[in-house]
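Okay, so chain A shows up in both of these, paired with chain B first and chain C after.
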Partner chain A sequence: MRAIDHYAWTNRWRNRHPVEKLLPAFSLLLLTLLLPPLTTGPLVVLLTALATVQGAGVPLHAFWTVMAVPAAFLLAGAPFLAVSVSFIGGVNLHISPDGAWLALETTVRALAAVSCLAFLTLTTPLVDWAPLLRRMGTPASLVELILLMYRLIFVFAERALTGYQAQAARLGYARFDRSLHSTGLLAGNLFQRGLDRARRLEIGLAARGYTGELRVLTPERSLSWPRLAAAMALVSCVGLLGLLAHEAP
Partner chain B sequence: MHITEGFLPPLHAAAWTALALPFVVVSARRVHRLMQDQPQIKLLLAASGAFAFLLSALKLPSVTGSCSHATGTGLGAILFGPSVMALMGTLVLLFQTLLLAHGGITTLGANVFSMAIVGPWIAYAVLRGTQQLGAPLALSVFLAAMLGDWATYLTTAGQLALAFPDPVSGIAGSFIKFASVFAPTQLPLAVIEGLLTVVIVNFLREYSGEELQNLKFPPQALATEGRS
Partner chain C sequence: MTVPLLAVDRLEYRYPGGVVALRDLNLQVQKGRRLAILGANGSGKTTLLLHLNGTFRPTSGEVRIEGQPAGYDRRSLIRWRRRVGLVLQEPDDQLFAATVEQDVSFGPLNLGLSAAETRERVSEALEALRITPLAQRATHTLSFGQKKRVAIAGILAMRPEMLVLDEPTAGLDSHGVTHLLGVLRQLHEAGATLIFSTHDVELAYSWADEVAVFYEGTVRMQGETSAVLGNRELLHRARLRPPLLLEVAQALGMDAESLPRSREALLLLLRERR
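Moving on, here comes the complex of A and B:
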């Protein structure tokens, strides 16, 4: 989590207008879902990896780390798509060619989609999504709730880590039943402190004239149309190539 | 149990999003109104949302050795009620997607449906039902959290079965297949989460009676006997 957030804030494309990153990434995600996966998928992974590593300057290992967890889940789950069961005369398991094909296509499609997501999370901090959410018609109060949550997550994470270390140092995780107990206490404590913290924050804000809206300055960034056009052209090329390669015998 | 980005076919992803949307919009309206009436609720909700996110990142002691984590679905439904949970769950899932790359944007609808709508409603119904039957609170909380988890897991299995029906035995066969694949991790995990939720609720009742009272929308069962 920290690694993702760190790169999101420090990468080379951090100060680009969010739309320049979001629009191409979402278009690519859409293409990944709609076009034949076996030809489009690898191209999409290649493009997002290049954009993340060469463009935004995020180390390659960070990109792989983000991809690794969903990839492991996919590789574990895919074989079950290939296997089919029937219950006539006991339980029978078959591997059908169709099923194997479906498993392969689904895995490639999902991996390509995850790579789009990895690009987004590694280059765009969550805060940059806020104007977009506003534009989509989310009420200001909800967007603010999201931003507050974002801030508090990191505050609480620090507290949770400290608490965990203190418990672990006192052998709180030495046995299964102890770990269960300790996890419960840690979570309960975190909740209690969280509420307490929220209340103090609220008193502090009220003292400063808080009426339900936190106003913040959004840095002015100009949208570069040439860059956006170039990115979209690249995305279209990938889609077209994926289609053509699929049509070719 | 998150469905990974891109795993569902586009039509299914769109359909689950359309199905989940009304619940989330109604919930958002409700929360929006709550926040307008009482601005301080915003901070309370933000704190709870951050807490739920972290809870899902805390690794649970797991018997099967797999990397498993709590959903917090049951606890949220018990503390806030399911109508608020639909929005809170959606936000937590959004954070998991964007901060951990866990779950996905296109599969958000399907995940919201199983984890922020079905799970909390079942947990809440179980809590209410068992309380009315006069069960001890600890038992109610345990059952609510556990059954909420199971409902979530069966919903996910159902979503996968609808998306990938078995060529021989159809959707039903596929459902049994997915349900049994996830059973070894999900069944014990739900029991553990049930126990964990009991520990948390006991802790809160013992030390945070005041905070529980301050939650403006607690179910009757919890709003008693604060000893802080």
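Moving on, here comes the complex of A and C:
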């Protein structure tokens, strides 16, 4: 998670207007869902990988790491799509050609969809989403909550890690039963600290004139129409190729 | 004597459980002064500071701003906090936004300033703390010292007349301390009134115009720095030691008027003597 966050904040496209990244990514996602996956899918993965690595300058291994976890789930789940079970004359398992085809299509489609999201998470920190969410009519308090959670996750993770290290230093995880005990203690402690922190944050915010609304400046970024147009042109090419493949057979 | 900018009068505070935290506490802060509230760890300094911006409401006694008793209704509190900025000891208790620029913009926007004015205030505050290059950084990737500066910038952007800092140098390395004191010096020269709490006698000695010694829930003595810090018995009772600079100077038989206030000044005096 740390690594993803790091690249989101430091990639070359960090300061681009978020729409330049969101619109092409969501368009690709839409194409992935609508068009036949076997041609569109690989194209989408290729394009998002190129954009992430060549464009935004995020190392390729980071892209694969983000893809790896969902991919593992997909590969584990796909075989079950190919297998059908019938109960006629006992339990029968058989692989049907249709089932195999469905499994393949689903896997490719899902991987392509994940690659769109991988591109977004690696190039756009959560903060940049906030203004868009607001404009799309998300309730302000929900957006505030999302942003606050984002900030506090890191504080919390740090506390959890130091707590764990302190326990481990006193052999709190040396045996299985002690591990369970230590984990329980740590969880209780973190909960208590969380409440305590919330109270102190309230004092801190009140000192800065907090009156119930967490308003902050939105960074000024100009939307580059040529860049957006170029990106959308590429997306359209993928769409066309996908359509052609659909018509061809 | 002119009316103090901030005055605490016979203040008493009991925690919700009934334990007395502060009692019969008096404190005056004149405009443009630097006051150090000196006390041992856990003596209740933070509780006192939280009264200075209206976070805690005294059980009895009052806080006055320019002679007027401070009010605790919503509007009075907003006015109060606009004039008195409080910087907490732990910067993570104050920073909530994802980027530095956004976090610093919070206060000015709460004052009802426009986006353009806010931007100006933010860049001014970042400039004052010399952290302009951090503007677009993520808050959670900053070091402790950087977070501390961002927390101060967030208060500074509201342009308070008085800055209250809880243990401002705690947790900073010597470079960080020097940097922070430099920033505070500039603010002071620009006319700001400064209050800070500390257990660091050396810091109070080298930096404050006035010192208030705080123990057993009250301010035992407030006065000019060298006078208060020369009072061994008082410091001993407050579980503090006299500043080394002062002791060295006294051991060398220097007269009260020419006591050095910084290590540089002491070294200079020693060189001159040889």
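Convention: the second predicted complex is superposed on the first by the 246 of 249 C-alpha atoms of A that agree within 3 Å, B and C clash if a C-alpha of one lies under 4 Å from a C-alpha of the other, contacts with A are read in each partner's own complex, and residues count from 1 in each chain.
Here is the rule we use: contacts are C-beta pairs under 8 Å (C-beta built on N, C-alpha and C of every residue); 3 or more make two chains touch, one makes a residue touch a chain.
Source: prediction; values computed, not measured.
**Student:** Contact-wise, after the overlay, does A:A110 reach chain B, chain C, both or neither (first, second, both, neither)?
**Tutor:** A:A110: touches chain B, not chain C.
**Student:** Contacts for A:R197 in the overlay, against chain B (first) and chain C (second): which applies, first, second, both or neither?
**Tutor:** both
**Student:** Have a look at where A:G99 lands relative to chain B and chain C in the superposition and call it first, second, both or neither.
**Tutor:** first
**Student:** Output check: A:W64 vs chain B and chain C. Expected answer is one of first, second, both, neither. What do you get?
**Tutor:** So A:W64 meets neither chain B nor chain C here.
**Student:** After lining up the shared chain so the two structures overlap, which partner does A:G209 touch, if you call chain B first and chain C second: first, second, both or neither?
**Tutor:** So A:G209 only meets chain C here.
**Student:** Classify the contacts of A:N15 with the two partner chains as first (chain B alone), second (chain C alone), both, or neither.
**Tutor:** Only chain C is touched by A:N15; chain B is not.
**Student:** I'd like to know which partner A:L33 touches here: chain B for first, chain C for second, both or neither.
**Tutor:** Once the two structures are laid over each other on A, A:L33 reaches chain B alone.
**Student:** Look at A:V127 in the shared chain and tell me whether it touches chain B only, chain C only, both, or neither; answer first, second, both or neither.
**Tutor:** Second partner only, chain C.
**Student:** Looking at the overlay, does A:G184 come into contact with chain B only (first), chain C only (second), both, or neither?
**Tutor:** first
**Student:** Which one hits more chain A residues, chain B or chain C?
**Tutor:** Per-residue touch count on chain A favours B.
**Student:** Could you list which residues of chain A make contact with chain B in one structure and with chain C in the other?
**Tutor:** 5, 126, 148, 150-151, 155, 197, 201, 205-206, 210-211
**Student:** What does chain A use to touch chain C in their complex?
**Tutor:** 5-6, 9, 15, 125-127, 147-148, 150-151, 154-155, 197, 200-201, 203-211, 214-217, 219
**Student:** Any idea which chain B residues touch chain A in the complex?
**Tutor:** 4-7, 9-10, 13, 28, 31-32, 35-36, 39-40, 42-51, 53-55, 57-58, 60-61, 63, 87, 91, 94-95, 97-102, 104-106, 164, 166-169, 173, 176-178, 181, 192, 195-196, 198-200, 202-204, 207-208, 211, 214
**Student:** Spell out the part of chain C that touches chain A in their complex, as residue ranges.
**Tutor:** 50, 53, 55, 74, 77-78, 81-82, 85-88, 90, 92-99, 101-103, 105-107, 109-111, 115, 118-119, 122, 136-141, 154-155, 158
**Student:** With touch defined as at the start, can you tell me which chain A residues reach chain B in the complex?
**Tutor:** Touching chain B: residues 1, 4-5, 26, 29, 32-34, 66-67, 69-70, 73-74, 77, 80-81, 83-87, 94, 96, 98-99, 102, 106, 109-114, 116-118, 120-121, 126, 129, 139, 141-142, 144-146, 148-153, 155-157, 160, 173, 176, 179-181, 183-192, 194-199, 201-202, 205-206, 210-212 of chain A.
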